[in-house]
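Following are the structures in question.
Same chain, two partners: subunit A is paired with subunit B first, then with subunit C.
After this line comes the complex of A and B, so read on.
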């Protein structure tokens, strides 16, 4: 039975057809993946379903009857819930306060916290969410915050749940936990719509897949006949995905460009870095992998000079450092500024900022880095995530600095843009730049780095170099991956070579 | 960008129109004939060179102070302390001008203005430093600074510098006064309008250039939009906050030029008459765009002088009501335009 039917949905933003005549159906009690590049129209379609946008034309049916949502409230009333990419939580409220906010159960004029707690504890148990209802959001990790959002959906009895790139912020092990939750949803008879970029996830959990490209529905498939090669070709269209593995070779011992020695750092009396040692060498990519919040950001801040209250020894043999931060919107750009304005702010030249100078800077980057956008004066916020990321990377690379720090460079970025970003990183390495790559995506680290360090609880607990992990033997590879995974969550003792 | 400018123009015109309608309503309610009031006002302001000159004269300090505040506001620093800052600057300007009066116009005037700028700027730095070092909101500190500064000026003025049994300083000699506009354009005969108005316009243009066309201006706006991102882009955000506060507050001191060198010749306690607060509204109405500030200051100058002109018909306080309504309407119309035009 079809629980949702889209027929001929179209939505335009200015001249851009975000959704172009899209028709497909979602079956009840299935996991339906919607895949496509950034800007393919996935989010727009989901926002229409969730009532944040209204379609220009086309009909949407939920549970067999025509619906027209004026706001998310209407969608929620129809049993639709959405987990956004950016969480909607109040930092200073507890988990429980956040969950019940907006639909509190009351006893006379009082909020009935006891009853809410009972209900929520049941959900937590059933879904194995492992949350403390009385903790404040600000004390939770990203994955825990995501669980709070999931709990919100459960509390509101959502039958149809939309996830917008839910695994982008999770480590490999947390992803597995998340999948368990999804399976539990299915057992409960709920319908799940999942927006994602990651094809191996699609293979693992989807029942049905719809591919959008440039606003159109181009391909549909289902679990039993799923072919990832076909799928990825359909997603990117005619773009060739080149293989990145160009091989890494260097002779002799390269010189050290930055060294962190026995670094300790406490923030608000909580120790975040703990005797951390790290050496970055010239012409290599050093990958730091680990579960988020284990000190990665602090290492970056120390190298970039934003954090000064540490003890230990920091040697940096260059002052030319570029940084592509982990959170584009918060740290990487001024979303109100245009592309040109975002680029020019770091440029040494152009003291007088003329329109000509802005336009020239923007145009150069747009063509060199293949940035796609509605028009040249549009604010950064109107670009898709992948294109925003390209602009930021362009800005940092064009400075010609010696040490480049990339933090989660392909988070929430589509396949083609990811490939582009990866090859850009490798190009920079070939030019002799030192690169620090921080990512929770282990595949990315393994693909790009010459050496990798596993960070856990504020220290590098193990280091590997490329000939240790660039294994051809699948069995050995699996064993290695497992042991890295365990190190990341701090299961085994600390071993450092 | 151009769509944004259009949106700004739409929201400003709609709110001015709306304010006009509300004013008509208010006048009707208090039993006055709106047509009569408005005709009298327009006749007085535009009918004579004197009235028009007075309007421009009233607008001058609003342009100057509004531009200073716009710099702070672009950095997302809500400086409520202009009233104190500009008084201190103007006070020092008057003292320095008087002390150097023998040195001649070309030395005394620039020296006085620079000293005023430094004093106002330094007082602006106090809340900036507290904010940067301890994270205290500048809204609270600047309000408190107003009390401290105004009381201190009062003390120094009365106890040391005032002409006996007055609340003003010694008058500076005519040699270091700025020319009246009527000396050049006889049409303005009798009005206090002086060349400071031209200075104010130039200052607005310069401020526009500074904010939108220089690297420093970009950094100020960038910090205003997103401080975290600015820090990650390598901008020394603390330095920018202090710089914006210093320059922004410093510029407010130039209102002294209009009153002291262009009009009375001395600093008088209470001369500013809440100018530092009205200028907040002026900057807000113009969306912190210095060129827009010229026009919003003219509107406020028009209301200010126009209020005096129609004082026989309605109490001049009605103009404060209008000024308040302008701000309320622009804030609400803005949201509507954002929702229905920009989306």
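After this line comes the complex of A and C, so read on.
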């Protein structure tokens, strides 16, 4: 049975057709994946379904009858819940306050906190969410925040749940936990719509798949006949994906460019780095993988000179270091400034901002890094995630520094842009740069690094060499992945607390 | 202790507005206009009750007008606030000159009625018999309850912290901002009325920046009714000290004595309070 039917849905923003005559159906009690590049119109379509936007034309049916939602309240009343791509949480509120907001249970004029707590604790137990209701959101990790969003959906008894790129911010282990929750939802008869960029996730979890490209529905498939090659081709259209990773080897001497020796660091009396050793060499990509918050950021901050209160030995044989930070909206750029301004902000040649200098830099970058944007005076925040990231990477690389640090370089970036970023990183390696890659995407680390270190509790607990993991044999590969996974959560070697 | 009243009313007024995400420095203007409104309507009708009701209505109407500017038309809140304050101060002066041919103050008028049988209590009589003072004390509990224990308060605060999140849960963001500003207008008017009623006359400049001090008290009190209470008590204490020092006459020059409350504020801000954090979406139009 179809629980949702879209017929001929269109939505324009100005002249841009974000959704162009989209028709498809979602079956009850299925996991339906919607995939497509950044800007394909996925979020827009889901926001229409959730009542945040109104379609310009077209009809939507929920449970067989026409619906027209004026606000999310109407959608919520129809059993639809949505987990937004950008969390809709209030940092300064507690978990409890965030969850009940808008659907408060009251006792006379007071909010009935006791009853709410009872109900929420049941959900927490049932779905294994492991949340403290009285903590503020600002004290929670990203994955915990996501659990709060899930709790919000449960509290509102949503039967149809929309997840907009829920896994983009999760580490592999957290993704598995998240999938468990999805399976539980399915067992209970709920319907799930899931937006993602990651095709292996589509393979793992979806029953049906719809592909959007430039606002149009271009392809549909289902579990039994799913072919990831076809799928990825449909996603990008006829764009060539650069995906050749060989032939980038550096031929010079692999001198050590930075060394961390026996580093210890405590923040607020909690030890975050614990006898950490690390060597970075010229012409080599060193990948650090691990569950987020195990010291990755602190390593970056020490190398980049932002963190000084550590003990141990730090040798850096260059002062030319570039950083592409993890949270591009907050750290890598000034989002209100134009693309051009963001590009020259670190440049020494432009003493004062002349149009000539701006234009020259911007034009070089656009062509070299294939950045797509309306013009160089557009504010940075108007670009899609992938293009923002390319601008930041372009700026950092063009500085010509010796040590390049990339933190989650392709987080939330679509397939074509990711492939471009990957080949850019490899080209830099060939030129003899030393590259530190931090990522929670294990595939990315395995693909790019020459050596990889697994970080757990502030320490590199194991190192692997490219020869050890460049395996052709699927079985060996699975075993390796499993053992890396275990190392990441600290099962082998150290005791789990 | 009585001096505490206008500060606390003003600071709570500002707090309800800021909790909904609207920076409202126009409370200075609201206090001026309601003090004047109370003065005029009490003089012309002869009844302090009429004066009270009209002053509240005037202030609330102006807060509606202010909402129109900053919520609907999204004019910069600071600019609108400063504009309002200048307008109100000018209007007050103009009306005094125009109606009473006096350059600075109105004729004398009646105070609000008191709870007369409490008046004879020694020392505390003046405080206990004044409805507005009593209300301002009760406001510690009322504000705290409304903001933190009710559905209304939760939603009001959500709108000041993250309006998109509120909206995604079906909360009418602008409506709650409007509520915040109206409550602000109402509480500020009580402050103005009390000041006028206590002096039995309205004079140009009599509000003397109390609205701004109230805002400072709100910030020092970190947007929390109980802390704001302490901050206002402190201001009132130093103001009383200043007055008594001035009356008794000391060797300290009076200018320095007058600076006292403000200097102490600065010192407290620097020394004890540390970082304060306003509502996350304070001042951002939606």
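As a convention for this text, the second predicted complex is superposed on the first by the 469 of 497 C-alpha atoms of A that agree within 3 Å, B and C clash if a C-alpha of one lies under 4 Å from a C-alpha of the other, contacts with A are read in each partner's own complex, and residues count from 1 in each chain.
To be clear about the criterion, a contact is a pair of C-beta atoms (placed from the backbone, for glycine too) under 8 Å apart; a residue touches a chain by one contact, two chains touch by 3 or more.
This is a predicted model, so every value here is computed, not measured.
A.B. asks: Should subunit B and subunit C be called a clash or a fit once both complexes are overlaid on subunit A?
C.D. replies: clash
A.B. asks: With both complexes superposed on chain A, which partner does A:93 reach: first (subunit B), second (subunit C), both or neither?
C.D. replies: The second partner, subunit C, only.
A.B. asks: Going by the contact rule set out at the top, does A:84 touch subunit B (first), subunit C (second), both, or neither?
C.D. replies: Only subunit C is touched by A:84; subunit B is not.
A.B. asks: For A:338, decide between first (touching subunit B), second (touching subunit C), both and neither.
C.D. replies: A:338: touches subunit B, not subunit C.
A.B. asks: Touching A:205 in the superposition: subunit B (first), subunit C (second), both, neither?
C.D. replies: Touch partners of A:205: none, neither subunit B nor subunit C.
A.B. asks: Regarding the shared-chain residue A:67, is it in contact with subunit B (first), subunit C (second), both, or neither?
C.D. replies: Neither partner.
A.B. asks: Which partner does A:109 contact after superposing on A: first (subunit B), second (subunit C), both, neither?
C.D. replies: Touch partner of A:109: subunit C, not subunit B.
A.B. asks: Shared contact residues on subunit A for subunit B and subunit C?
C.D. replies: none
A.B. asks: Write out the stretch or stretches of subunit C touching subunit A in their complex.
C.D. replies: Where subunit C meets subunit A, its residues are 149-151, 154-155, 157-158, 161-162, 164-171, 277, 279-280.
A.B. asks: With touch defined as at the start, can you tell me which subunit A residues reach subunit C in the complex?
C.D. replies: 52, 71-73, 76, 82, 84, 88-93, 97-98, 100-104, 106, 109-111, 152
A.B. asks: For a test of understanding, state which residues of subunit B touch subunit A in their complex under the given definition.
C.D. replies: Checking each residue of subunit B against subunit A gives 1-2, 212-215, 218-219, 221-222, 225-226, 228-235.
A.B. asks: Can you name the residues of subunit A that touch subunit B in the complex?
C.D. replies: Contacts found on subunit A: 304, 306, 323, 325, 330-338, 341, 344-346, 350-354, 377.
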